[in-house]
Every structure is written in structure tokens, then in C-alpha cells.
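Naming follows writing order (A, B, C, D and E), and every chain is counted from residue 1.
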């Protein structure tokens, strides 16, 4: 009962916010709907018994990525989205127009359909365990897996993040010339 | 392992037989319903208590500041001005709700919700006693850190949506300050997770004891430092002085909630005051022995739970007092100092503590300083 | 009743929306939002399979690393967008055609 | 020997660590960290030597090391679907490791002299270390996926090394050209890996061999052709790109824009060797797919065509570059005609003498500060040591008896002759063999021409001659040349001077090379019942070492019909004598032409003026690729751009679906044509037209348009698959 | 589905629901009780010390904020990965694998330290040095 309610709520939140994200005309609102979607997905993780992943999702996305996105939106002109092309042609609003949406919708639909056809058989081939698994916290298992089977990935991810940090810091660093100009 | 308040109640034979009798009487198993009711009641009670505490926070703040400044403080409404809080509440509710005309209304209305949501969701894991914890998640501390980062989004949106320059500056500062100080706080918490061997509050509090020498605060030199890192970080995360730059009233009017009025402002303020209490509670649970009272058997009984909750509240309130004390003692930082303190002092120190705790754990096999000195 | 298929359906829907977002929007940040959705759809699939079809929880680890990579991707991607904006004063995707010739 | 991860991994890790150290701290180290790189590759060499000694003393074709772990396993039910990562060393791998580490070590050593004082001295060594470690990783890999990863690492390194002097515009273009051209092959390679993964469920080499032995490839088809053929073709395309085979040979001559030591590394030990090594590794697949005539043809054309271009080059390094392409053609020809062993042997011998040649050329260029041969001449008086070393290598590459080139190249030619004449294959192999023999005539000629023009005769440009520094013996300059030129002697590879037991090197075995490297096709049976045991790193599934047994003489060839040993031996004798005569004629001819000057080269130029013009333009390949395909397409595309930018949305709006599906259709159409009819496409109107339409649609520079095209490609792919 | 076993998450959900209800309830109460006056121009004007607001506030931003967010997210993710490892550290230490885990843990942290050292050295952690408003947007 509880799981079902949680699932339904989370699924509704996820899909609803995703759709809202799609149709929102304001990029700031899109970001906030992304937040809702991500929290919904965290809820879905909970219904799958993945407590650690759920909380990680919340921590990284809510605390990190969404805030970063909001900052980035502010830095790139915020809501007032200026585009030279827009002025030129006057028919391509930044958030897409009905044609771009139409094309995108059809393309994605075809793609998803083809993927559906492709994986349909694989899904059938997967043996689904029917019996209910008792909920056991995954923290310890994840910790041990990270230290044994996936230790390389664990270590490498730190290197990846270091690379991302350095790379992004170099790219985003305020320009020296700009300082001089001001 | 995962114990909830419902499991605590169901561990009493009396209660279990009571439930089974009702089940027999109704002809169906009512345990899930009872569990739900316990959760609901517990949640309501805790919300009520903490909201009141948060309300009293404003009162305490004014009273203590008055004390420090040798004034009297609120003294008109009720005895010693105790009902000031109710008066404030009524004032909040009955004020007109104004939104700036250029504001982004959707986000303007959403922002206080995110703040409230982020703070209130953390109540679910705060350990008031070994039984009086709504739920003792295995990812407890982690969950608390994660969900409270919503407040940062709320603050940012509050600043953004108002479309006022003061708000914008405050929101920016608030968001970047909150996320920055999350790092040393998380790393300090990580050190305690390391020492206790689990992320659940039950585990962390359970591996401490009632007496100060069993607390993680005095477990080793690193954890001693880690407490101060955490406490400083917590002050900044809750925008308390001397880190109250986002709402620095002398420079930014009122920061991110400049444009908020009435109940919306009230909710922001409530979230803020309650959050201070929550982080004090977390600091108490992580470092100051939490709800621990002497005696194993005693702790499980109902009276023991009362004692535990009392101990917890006392410690937390003491810490709350320190927070207010600090506010009225230290001057506010500049924004560059704020960043320097976070990234150049607190974070390296926190990493150092983490490494120190890990090495200590391996070298001394998890024994605390006192065990090493006196256990022979 | 909740089954594997319900999760897959949600995941497919998220993927669909993410893809549409990626193609339809002209704002680079919005495209990055779409990518986040797609990554999340994939991560959700990992966990769902791990719960319903696998005996281990490797799927959780995978989705953990998906989140890690998403964070790195967002950080670098947004940095590039910001830098691009500083150079060109626009983040309209159709104007980002410097590599064309 | 009991191998653990610690006794194998340093071969890759030592250069890689050197790369990491140099990349981060190179500038702070003394001498900008060059010694770190040299030390790293030296350590790798020691470990490789240890492994080689072990394999050599075991002396068995059955002996191999295979250690792996499962990276991830997505198998469901009966269907294998997983990826293992690991190390696979057999005799071939061991010899290859020794060669790569050894040659790379000497090249590194030489670079410390050659590059000293360069602006980006430290960066050069950083990249060289990464380059070498990429190659070593590729040799060590037991599966195609990690091979591909290292393959791409090498691609990146060659890009940055060729464009090392990026101040020069030409160098920048050359690096982009190299990168983009090899990328064409890489895409096919990846496609081949996917095809194999799809069929076998794993990309590990033993598993692929087992799958071929068990006939798992049979019955599968992709777009109408057999899967083995498809996969083999795709993987061979990787070789074509990386080893600069026809028709993707255009990048290698330009690759000389990089510093000379890096050219030496690219031409000898790493980049181009990787391509041939890959096709040797996947040899059973090529055989199973029936691709050998095709491969032989490509090899023959390359060997011949490049040799002809080399005839008229005046740039010292260009001659060497074309000779490399030509020699690589021989190796591929060897693969095609089933001379597996000989092809590999040629890879090794070529690596040694080509490294030496390039280093010598570097020595010359460093001394005279020019690369143009007409400005040189008479340098033997000043660069005595280099002169001797270079002559050794020239004789080796020419195929003069007792030098290594003779041992290997003539075995390839002998096999080619055999399959062409005696193996009952009809005319299939005739043309490649004939081309190979003509190439064998041309090789000594252009090499001797190069030598004569550079070192002999009178100085043609007195200014250059006077400014040439006389050679002083230096350890880091001359020792590499000395040692590498010693190893151009055939005796090291055949075990004895003649193969019959005369003048043996101490401790060597007769024809050890021929014995040790057995074609995997032969031993496919050993993989037929091969079942994987799940073993971790700590365990080992080496084969038991067999008793030290005398080797029974048996042919090491498979693929094309090789049953008639007698005929094979006969063909070899014929081939050997034939090629000795050819070489002698050729050298004599060059002697007459460039020393005695009794024949005027100009006469030949006049006689074949049309052809020479084609040669000067490198057979118009650059013209075809750049002027026709890219320029013409892009030019018209640019004109259309203004209209198109305005119109794209209208287009989508009005006939959106039609346009989009036309992109998919036309692109695949274009794809087929460009691959199949590439030779035929010489700027005809039809081809450019199709190209224009496609380009106009997909080259809009708008990411989202690309995205839509990509998705429809994928959808088409799925539609084809299901 | 295992319904009983997920009960530990129920209070979390309930708490969240209460937060929602509280928010909605408080606002509804305010809506009922508060006076609603006429929205004059002065009243709904963003506060700018009583002056007419100049331009919009949505263009005031410093790249520094983004760099801070960037450093934060990287550290955040790293600490997330460290959490499960830290949680099993004690257990594995008792099992005798402490040194192995310590080495892995320390190498992970050392990379983290490298990142902070880099940013420190490059001045990304300083605020004042480039406290410059991005003027592009104001144009």
C-alpha cells in the first residue's frame, strides 16, 4: 500500500515535472521543474529499495547540479534570452517554436519507438524475480563493492572529477583581459 | 537495524497485545494502520514541538540579545514577554501579502516552500531518543545533509524571483555561501561516520556514551577539531551571524527576503530558526553524545525515553544559546573573508580531520583517547 | 501492481522528454537539462533491473557513477556555455557554428 | 616463469608513469624530464626482455600467457554479452614487445640529442612516452576493445606529434590530415568490433578464435554479406587507416612534418606497426571471411604504388615515408597471401631498419639543416658514421642477402609467388605477386638513389656542404644508430647466416623466428574446445610448459592453400634467386644512373612524362580527397548556405518528413558509393551532386540538425538489424 | 513488493507531506485573515531605497559565483562517493583490512586535495581579486 502510493506520487511528480519542463517557456522554470523530476526519481529509487542512490540523487542534483544550472542561467542572460538570430529571423524563439517542437517530438518518438522495438525482446528475455525481496540497506554492500569490485572505478572517478574541476575552472575563470579592461 | 518509532512501541508486549486485540475485534490486521497512525502522530507532535521551538527561537534571540546588551527585551505580552511569539504569529498571518509586480510569481511563491520543505523533511531522522526517532534510516546523516540543501535553492530562488537588486544580491550570496559551507560540514560528518561505522543516527549516537569522555568530541584530537569545523559551517549554512551576509540588514536591507511580506516571510523566518535548532541537534548527536543517558535498561523504558529526550533538548538548547551568543558577540564577515574561511581554512582542516580520523581508526583500532590512557 | 515494466515505462517517457527537449530547445542550457533527463532515465533503468532481474546491486553502483559523470558533465558543459556566452553574448545553439568550416 | 601482474604491467605502466610525471612536473625536473621518459621506456624494455627470454627458452608455439578479469557481464540466458580486460602474450606478442620497447628506447635516446634545445623539449618527451605506452598497451591487450582504446591514444599522440611545430601551417594541416584520415579507418574498426561483439558476445582474442574455430560466425549476415566478411573487412579498414594502405595512404607522407624522431617512432615501432599487428591478430577472421585476395591486392597496390612515388621524391624524409608505405604494403601482401610468419617478421625487421634509417636521416638533417637531397651530396666525408649505418639499413631494406630485409621480404615474395603460380588459385594472386616483384625491383633503386644523392658524388650545394658540422661521436646520437644497424643483419632473425646452421649466434636456434610465430589459424583447434575458466588476477591459466622438444619442420602458413610443401620450398628458392637477381640489377642500375651518370634520369622522365606527372601529384589522391570531395562540395555548399539558413525551418515545416528521411536515405547511399566506388569517384557530376545535397543538409553546423540526422541513422540501423 | 519492509521510509514521506500541508495551510490562513488592499504602483514596486527601480535585477551576476558552485559540486560528488566507504571502514578495519582501505581512501582524498591545491594556487578560491560584474549583460 505505502509503496504503491509512494510509487504513484513519485511517478506523477517525475513525469508531471518533466512534461512541465518541456512546455515551460522560461528557462528558470525549466530548471525548477528539473528539480521536481529529480526528486521524483529519488522517490522511485526508494521504491526500488535503493536508499543510498536515492539520497545521492537528492544530494548531487538538488544541492549541486540544479544550483549550478541556476547560476549558469543567470550568467548567460537569465530569462532575457538574447539571440541575434532571433532578431534576424524573428521566428526562432530561444525556447523553441512549434516547428522545432514538432520536429523534435516526431524524431524522439521515432527513436524511442525503434528503441522499444529493439529492447522488447531483451526485456522479455530477462528473468524477473517474482518473490519480494526484504529491504536491506544497500549502504554497506555499496561500500564493500566500491572497495573491491569497483575500486578502480572508484579511484578513477576521483581523477575524472579532478579533471572536470580543473577543466571547468580553466574555462569558466574570469578573463584576465576583462579585469584589465574594467 | 532500522528502528522506527513504531517498532519501538510495538516492542512493548502491552501494546502488541492491544493491537492484536483490536485486530481480532475488527477481523483484520490493523498493524499497518496503527503503524501509520503512530508515524502520523509522531510526525505531528515533532512538527508542533519544533515549530514552537522555532517560534521560541525568536523570543530567545531577543531575550538573550537584550541580556547581552544589558537590556530587558520583550516584556509586555504575557509574563516576561513569553507570548510575544503568539503575537508575532498573529501579526504574520494578518499582514497583507504583496508581491512585486516585476517578480517571477511562480518562483516567488515556490521559494519559501522549498525552504520549509528542506527543513521540515529533516525532522524525520532527528534522534530525540533511542525510541523517539521517527525513523532511523541507514543513510540518516546523509539524508539530512542532502535534503537540507534544498534550503539553498529556496534562498536563491527567493532572491531571484523578487527581481529586486537587494534580494538578488542576498540570494546569490546565500546560495553560494550555503553550498560552500556544505563541504566542510559534510567532510566533518564523514569523519564521524568513519568513527562510528555507519550513517544512521542510531549507530552514531549508539557508539557514544552518556559521559563526556565517551563523546566523539573527545574521541581523538581530530574529532575535537572537527566539531568546531562543523559548528562554524553550520552557522554559515543557517545564515547565522557572523555569517549572515545573505540577509545582512545593514548592507542588503534584508537580503533575499526583502520583498517578502506576511506569511511568506514568516515561513522563511520559521524555516531559518528551526534549521538552527536542527543543526544544533545534529551537532549534539554527532559529537556531544546525543540522547545518551546512563544505564542500558533504563534507556529503553518510557521514563528513559523521557530522560533521553530531555538530555537531548538540554544539550541542543545549550548549543542554541551558544549560537545566539556568537551572533551578538562577533562582527559580520566580509564576503571575501567568508569564502577564504570556507575554502582556505575550514575545508583543508576538515580534510585533515578526515584523514586523521581514518589513520587513528586504523592505528589505534578505533579506541578513543581515554580508552588508550586509562584502559589498563 | 508495480513491476519492472512500470519503471521501464517511466524511464522511456523521461528519455523521450529529454530527447525532445534536446532537439527542440535552442538554449544550450535547456539542452543540458535534456541531457540530465536522459542520464537519469538510464540510471533509473539500471536500478530497476538491479532490483527485479539481478541478484546483486551492481546496478546501484552503475547509477551512482552515472550521477558522478552527470555532475562532471554538467560542470564542464555549463562552464563551456558560460565561456561561450562571454565570447559571443548569446547561447543560441544555432549560432554556435564555428566548427562548421 | 610465474607471472603476476607486477611482472607484466610495468611494460605499459613505466612509460605511462613517465608520461604522467612529465605531464605534471616535466618543467620542474632537470633537463625538462627527458630522462624520466628514457628511464620509463628502459624499464619497460627490461621487463619485455625478461618475457622474451622466457618465451624463447620455452620455445613452444603452445605457450602463452593470458590473464584477465571481467569488466562487466551483461549476459542473459544463453547469450554471452560481456567484456573482459586482460593481457594476452604469445610468442608474437613477446617478440613485438621486445621490438617496440627496444626500438622506442633507442629513439628516445636519440631524441635527447636531436631535440635538445627545442622550444617544447619537455612536451615532446611527454607525448613520446604516451605514444609508446599506447603501443605497448595495444600489444599487451587481449581484446579488441582495449586495443581500440590504445589505438585511439596513439591516434591522438600522432596528431599532437605531427603537429608538434604547430607554428608551421603545414604541420597543422598535416596533423589534422593524419587524424582525420586514420579516423575513417577507426570508425570501421569500431564497427567491426561491434559486429564481433554482437556475434561472439565477447571481444577477447581467444574467444574470437574459439568462435571462428567453432563456426559461430557461420550463418550470420549483415546487410546481405557474411558476418565474418563484414567484420574482417571493417577491421582491415582499421589497418588500412593506421598502416597507411591504399587508398588511405595520404597521411603518412605528410606525417614527416613532425620532428624526425617522432617520424621514426610512427614509421617503425608504433603507429603503422599497430595496423599490421592488428590484421595479424585478426588473421583467422580474415581467412574465415575470405578476404585474403582483397588484402593481397591492397598490399600489392600499396607496395607498388608507393615505391613508384618514392622514385621521384627529392625530400630525404619523403623517400623514407614512401618506402615505409611500400614496405607496409609488403606486410599486408604477406598477410594476404598467407605468409603470416613472414609478414610479422617483416614487421619486426622493418621496424629496426626503418627506425635506424629515420634516425640517420635525422642525423643528416640536423647536420645540414635541409631535407632536400639535391642540395646534399658528398656528405660521406663529413658524416662517416651515419653513412655506414644508413648503408646497412639500405641494404637491409633492399633485400640484399645476409641482411634482415632479405630474410623477411623474400619469404613474403616467395609465398606470393607460390600462391600465384602453384597453389591452384588461378589468377587471383597473380597481380599482387607481380606488383610485389616490381616493387622489389624499385625498392633498392630508390633507396640507393637516396643514398647516392645524399652521401656520394660531389657536393652539389657547396654552401650546405660547408655548413655541415663534421660528426663527433656522441653516445646519445651514435649508439642508437650503431646498435640498430647491427640488428639489420639477418642472422639475428634467422638464427644463422643461411638458415642451414652456418655461423650461428651463440645460443640461438635455427630459424627460431619461423618456428615460434605460428599462425593462429593452425592452432585454431586448440581454441575449439577452449572454455573460459573464471580466474582472477592472482591465478593463472598459462598452458603447461611442454618439454623442450625438437621442432619438426612444418609449414607455418595457412589461408590460401599451402598443402604442397615441396612446391612451397621450390617457390621459395625461385623467389629468393629471382629477387637476388632483381636487387642486383636494380642496384647496378641506380649505380649507373647516379654515380657513373651513364644513364640520364631525364630520359626516363621524358619517356614516362604522363606517369611522372601523376607521380608528382601522388596519383592525385590529395587532389581527389581535398579538391574534389571537400572543396567542391563545400564550395557549393557555401553558396547554398545563405539560402539554406533562411530556409531550413520552412523546409522542415513544408516537407519536414520527406526532407528528413531523404537525409537518411541519401547518406546511406552516399556511404555505399564512397566506400565501394571510391576509386571511380573522380569528380564526376553525379557523385558531387549527391555529395552536395547531403552536405547541404547535414553540414549546416547546427548541432541539433546533426542530432536529428544521427538519430535517423540509428533508427535505420535498428531497422536493418531487426 | 515488500511493503512492510519499506516502512522505514514512511515517516520521511509523512514529514514531507506535513511540510506541504503546513505551507499550504499557513498561506491559506494568511489569505483568509490578511487584508487585501489595492495594489498601488508604489506598493508592488521592488524595493530600491524608495527610488524608482533602475532596470531589472536579473543581470547582476559575477562569474565567481559559478566557479564556487563548480568547486562545490566536484567536492560534493567526491564526498558522496566517500560516504559508503566511510560507513564500512570500521567494519573492514575490524576484519583486518584496515590498511588496504586506508590506502584506497587516502589516495582518493589525495586527488581531492590536489583539486583544492590547484584552485588555491590559481586563485579560484580568492574572491576579491576579480570581483567584477559581468558587464556584457548590461549592454
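Observations on the model:
Here, a contact is a pair of C-beta atoms (placed from the backbone, for glycine too) under 8 Å apart; a residue touches a chain by one contact, two chains touch by 3 or more.
None of these values were measured; they are calculated from a predicted model.
Contact with subunit A and subunit E alike is made by B, C.
Excluding subunit E, the assembly's touch network remains one piece. In terms of C-beta pairs in contact, B-E outnumbers the other of B-E and A-B. For subunit A, the chain with the farthest CA centroid is D.
Among the other chains, D has the CA centre that is most remote from the centre of subunit B. Taking each chain's centre as the average of its CA atoms, subunit A and subunit B sit 28 Å apart. With centres taken as mean Cα positions, subunit E sits 20 Å from subunit C. Centroids built from CA atoms put subunit D at 43 Å from subunit A. Subunit C and subunit D have CA centres that are 39 Å apart. Counting partner chains per residue, subunit E has residues 1, 3, 7-10, 56, 58, 61, 63, 65-66, 69-74, 76-77, 80-81, 83, 86-89, 91, 112, 119, 134 touching two or more of them.
Counting partner chains per residue, subunit A shows two or more touched chains at residues 1-4, 47, 49, 51-52, 56, 59-60, 63-65, 67-68, 71-72, 74-75, 77, 79, 92, 100, 103, 107-108, 111, 115, 126-127, 133, 139, 142, 146, 157, 161, 164-165, 168-169, 172, 178. Annotation for subunit B: residues touching 2 or more other chains are 2, 32, 36, 137-138, 142-143, 160, 172, 175, 179, 182, 198-199. Going by the touch rule set out above, the chain pairs that meet are A-B, A-C, A-D, A-E, B-E, C-D, C-E. Of all the residues in subunit E, the ones that touch subunit C in their complex are 1, 63, 66, 70, 73-74, 76-77, 80-81, 134, 136, 139.
Residue ranges of subunit D in contact with subunit C, taken from their complex: 72, 634, 638, 699-704, 707-708, 711.
Listed in rising order, the residues of subunit E touching subunit B in the complex are 3-4, 7-12, 14-16, 18-20, 22-23, 26-27, 29-31, 33-37, 39, 41, 43-49, 53, 56-58, 60-62, 65, 68-69, 71-72, 75-76, 79, 82-83, 86-91, 93-94, 98-99, 102, 105-106, 109, 112-113, 116, 119-120, 125-128, 131. If you check the complex, the residues on subunit A that touch subunit E are 1-4, 6, 9, 46-47, 49, 51-52, 56, 59-60, 63-65, 67-68, 71-72, 74-75, 77-80, 132-135, 139-140, 142-144, 146-147, 151, 154-155, 157-159, 161-162, 164-166, 168-169, 172-174, 178-179, 182. Those residues of subunit B that touch subunit E in the shared complex are 2, 4-6, 32, 35-36, 39-40, 42-44, 47, 51, 92-103, 112-113, 116-117, 119-121, 123-125, 134-138, 142-143, 160, 162-169, 172, 175-176, 179-180, 182-183, 186-187, 190-191, 193-199, 253, 258-259, 262-264, 266-267, 335-336, 338-340, 343-344, 347-348, 351, 354-355, 358-359, 361-362, 365-366.
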